[in-house]
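Note that the chains take the letters A, B and C in the order they are written out, and that residue 1 is the start of every chain.
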Amino acid sequence: MTRAMRRPLVAATGAVLLAATTAACGGGSGGDTEGDGTLSVWIMQGTNPDAEGFFDDVSAAFEEETGATLDVEFVEWGDAHNRFVTSIAGGTTPDVAETGTTWTPEFADAGALAPLDEYVDAAGIGDDLVEGLVEAGTYDEQLYGMPWYAGVRSLVYNTEMFEQAGVEPPTTWAELEDAAAGLKEEYPDKIAVAVPGDAEFTVYPWVWGAGGEVATLDGDTWTSGLDSPESQDGIGFWTGLATEGGYSSTGATTWRETDVLDAFAAGDVGMAVMGSWTPGAIVDANPDMEGKFAAVPIPGKDGGIAPSVLGGSHLSMFETAEDKDLAFTFIEMMTTGEFAQQWGEQSGYFPGQVSLLDETLESTDPLVAPFAQQFVEGGASVPVAPTYGAVQAKLTTSTMMQSILSGDADVAEASKAAAEEMTGVLNGSE
Amino acid sequence: MSTTRSGLALRPLSRTSRRSPLRQLGKGVLVALLLVFTLFPVYWMLNSSLDARAGHTSSFWPAEPTLDHYVFVLTEGGFGTFLRNSLIVALGTVVVSSVLALLASVAVARFRFRLRTQILMLVLIVQMVPLEALVIPLFVQVRDLQLLETLIGLVIVYVALALPFGIWMLRGFVAAVPVELEEAAYLDGATWGRMFWSVLLPLVAPGLVATSIFSFITAWNEFIFAMTMLGGATENYTVAIGLRSFFGVHSNDWGAIMAASTIITVPVMIFFILVQRRLASGLTAGAVKA
Amino acid sequence: MRPWLLLTPALLVLAVLLLWPLVRVFLFSLQDYGLREITTGEPNWIGTANYAEILTSPELWTVVLPNTVGFAVLSVVGTVAFGTGVAVLLASLGTFWRTVTSSAIMAAWAMPAVTGTYVWIWIFDADRGVFNDVLMGTGLLDEPTNWFTDRWSFYAIVLLNVIHHGFPFVAVTVLAGLLGVPKEMLEAAEMDGAGSFRRFFSIIVPQLRQVFAVVIILSTIWDFKVFAQVYLMPGGAGSNRSVLNLGVWSYVESFGQNRYGFGSAIAVLLTLLLLAITAIYVRTVLAEEER
């Protein structure tokens, strides 16, 4: 062994030191500041199975119109919020991004988004936008999220099971209960109606349908209405189907919407509250189910349609975007006209532009028309507040449902606790 | 297993009286139970990965056997690339952290200097901090180093995460080597470097193997920092990120998840099996003084 | 000079990558640091208010800490005991079976924690899980039970999961230790009439003190910080308030609500707590230093 062997060691140490120092001294700007003529965009993964092809078309059209290139990045929903936060912290935010409707007020409040009113007015499209989405995207009286697409949840049911059991799709709560009983008799081993414990948006239609409110704003203060007599009535009805009627299952106590879909696709569920985007996923999961299910709007207590949450996305512009005009050109291209319609068709969602909706409403497809009806006549929004995200993070509504469904608390106790918590969190005092 | 120590301490000393059939049977039962417990989840993972109806049935054998999930994961799922990236990152982490930890542990174990205990304590404390709290500050730091969206940046982060454990473990190994051996080498006229290379290193080698396995696993399965540091650079994604991509918005692709998990498990298993024997002797020497 | 030369590369990496971020975590903990602060980069000092809020939170003391500490104790004891038992068993096997068994153990270790968690979730699924199927099949259960809604059964499943994933590390480490115990000592003890249990506890265990110290410290740190194994379980993400542990609670209360200062404060407190708990064992290890 010679000095030649000692050298590598010293060299290694030196190299590491050198590399580290060089890296640390690296100057220049970091981040996503695009050079001239490129627009960076983040889109959520999975909404549109045909997304790549779609964006190829959009890029071509965009480049033709503006001469600028489009840089589209697909982000997983589950990690998206973290990505947004770290990118804001690190200054690597895109120019335009798809933001879930509950995120837009949150980011707007933080000052990360640029207001769009000017651009919308200039383009003259203000009146043609879906109300529910505009509401969800407005913060402090300014519009930050451009309505892009939305879906709505209605009552999806297994037509085969219904036929066999001789029941009709319900139009009132009493009918729903009867249908469930009929299904249970015919299929004792299946779930007549799925009552999931961890699916927030499947609860609110029953609250609203009974005349209750999730939360109301009075001046600057929010008050949750989950424990009002009407709300309790609704929650009681919905959970009663499981706890008293036994029409659901013990497993469903901890189910999320994905679990409901899984079970429905497997043919184990008679009816469930599911989104307008699920038919495609159901058939994907189980091709045998094709043609064996349909939808009806969620019935109100004595008839009519119970309001259901309009869940969807906005396209938002970040304050860090260098060329805001360019950014809005892209936003307009995506949310109105031909591309908006194409996206809606490919993804199974409804576009955010009213004039485009008219066509969809004419559809006779049993898996589109009921949802469309719910969308237009029974579309509602959760409280639009930057703090609503916190309520969702704490799973306030799910906690309430789970404690009722597992028998740990009755409707009165659980709803009171939930209302208190929600009021506290919405007002930022938690 | 190891031939460098005094042999199996628990082998029955008087063979005739211990090898009773009852005892053998008892051991057999225990081994069988152990194998069932240990392998049941692994078996379930494999079972589901080969079943077209994964996640929707609970049968002990694939209800609808298929290799589709594996094909999907390796082609469309992008796992070919992810495996390569993870391998680069994991091996890079192992090499760099092993070198740095070894040097540092020699310093800490062999020399007395001021702040020695404090540095050891600091190294221990760093292991206790929950990683989620570090995400944003570390992200900003890596951005400042211009290493975002690169595999090198990720390697450096993992090295930083693996170093504390490595230093701590290797410290024991180095200390376990009798000083007399080193002194003998000096008496023979060796320089420090030569002593290190031909005396210390071979004896510490098992320890290096042990700590490198830990670095490998850390880098291989880690998700949060990989996701954060790599951002949108999909060509650099690791298997951990790839696995998460099958958890969809509407429903999870359980078949793909289980196939991907199996694929993720295999390289680690191979690594383990190859270095098994060294590992055992390695881990203990690190903790026990000679 | 030499020790510092050897130390520098490692210290440099640690300092640049970890030290500064750690300092920032501490600084965040003294602020009301949310999205707005992240966007503007402007600090928002509130002193020790975060710490006060954490320490006066009733949920922390009635549910979160008891769950976390109780679980950590059970899982450390379980993992170490089980792992040691397995190590003893392994040591007494012939080469073939030892190789087979240790390979099986490696598989349990190598399986990603997330995957393992989902497998256990399926096994105990209320409607379609194997566990309920078997219980109902043998008549021990009339109706499917949801094992995730009750705190005790929930944590029993988590315990199973964590021990399954964690015992290989212990088994392998202790096995290696066992192989290093001097044969002569055991022979002498046997000649003096000591049975196997007595030999184990009076000779082997003391020899393995350092091994056990290392294993216990690491297991404690890891089991305290358990997050995914609880979060991914049905109801474990916050909708079942009775099963909250420190990892999930801190995530929901801080990062889930964009309260990064609050989350940082929890991180600092957790580190101090772990330091306090492992102090005894750390002293054992460091005491050997001063030889």
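Basically, contacts are C-beta pairs under 8 Å (C-beta built on N, C-alpha and C of every residue); 3 or more make two chains touch, one makes a residue touch a chain.
The shown structure was predicted, so the numbers you read here are calculated from the model rather than taken from an experiment.
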Closest chain to the centre of mass proxy, which here is the mean CA position
C
Leading the contact tally is the pair B-C
If chain centres are mean C-alpha positions, then the most distant from chain B is chain A
Roughly how far is chain A from chain B, going centre to centre by Cα mean, in whole Å?
38
State, to the nearest whole Å, the distance from the C-alpha centre of chain A to the C-alpha centre of chain C.
35
State, to the nearest whole Å, the distance from the C-alpha centre of chain B to the C-alpha centre of chain C.
16
Per-residue multi-chain contacts in chain A, two or more chains:
13, 16, 24, 85, 89
Check: chain B positions touching at least 2 other chains come out as 55-56, 99-100, 103, 136, 140, 145, 156
Which positions in chain C are in touch with at least two other chains?
5-6, 9, 13, 16, 38, 125, 128
Help me check something: in the complex, which residues belonging to chain A touch chain C?
13, 16-17, 20, 24, 85, 88-89, 106-107, 109-112, 197-198, 249-251, 253-255, 263, 268, 389-390, 393-395, 398-399, 401-403, 406, 408, 425
Residues of chain B defined as touching chain C within the complex
1-2, 5-13, 27, 30-31, 34-35, 37-39, 41-42, 44-45, 55-58, 99-101, 103-104, 106-108, 110-111, 113, 117, 119-121, 123-130, 132-134, 136-138, 140-141, 145, 156-157, 159-160, 163-164, 167, 169, 172, 192, 217, 221, 223, 240, 243, 257-258, 261, 264-265, 268-269, 272-273, 276, 279-289
Touching chain B in the complex: which residues of chain A?
1, 3, 5-6, 9, 12-13, 16, 23-24, 26, 28, 30-31, 42, 44-47, 73, 75-79, 82-83, 85-87, 89-92, 257-258, 261-262, 265-266, 277-278, 281, 285-286
Flag every residue of chain C that touches chain A in the complex, lowest number first.
5-6, 8-9, 12-13, 16, 34-36, 38-40, 125-128, 143-146, 148-150, 234-235, 237-241, 252-253, 256-258
For the chain C and chain B complex, residues of the former touching the latter:
2-7, 9-11, 13-14, 16-18, 20-22, 24-25, 28, 38, 86, 88-89, 91-93, 97-116, 118-120, 122-123, 125, 128-130, 133, 164, 172-173, 175-184, 186-187, 190, 204, 207-208, 210-211, 213-214, 221, 225, 227, 247, 250-251, 255, 260, 263-264, 266-267, 270-271, 274-275, 282, 286, 288-289
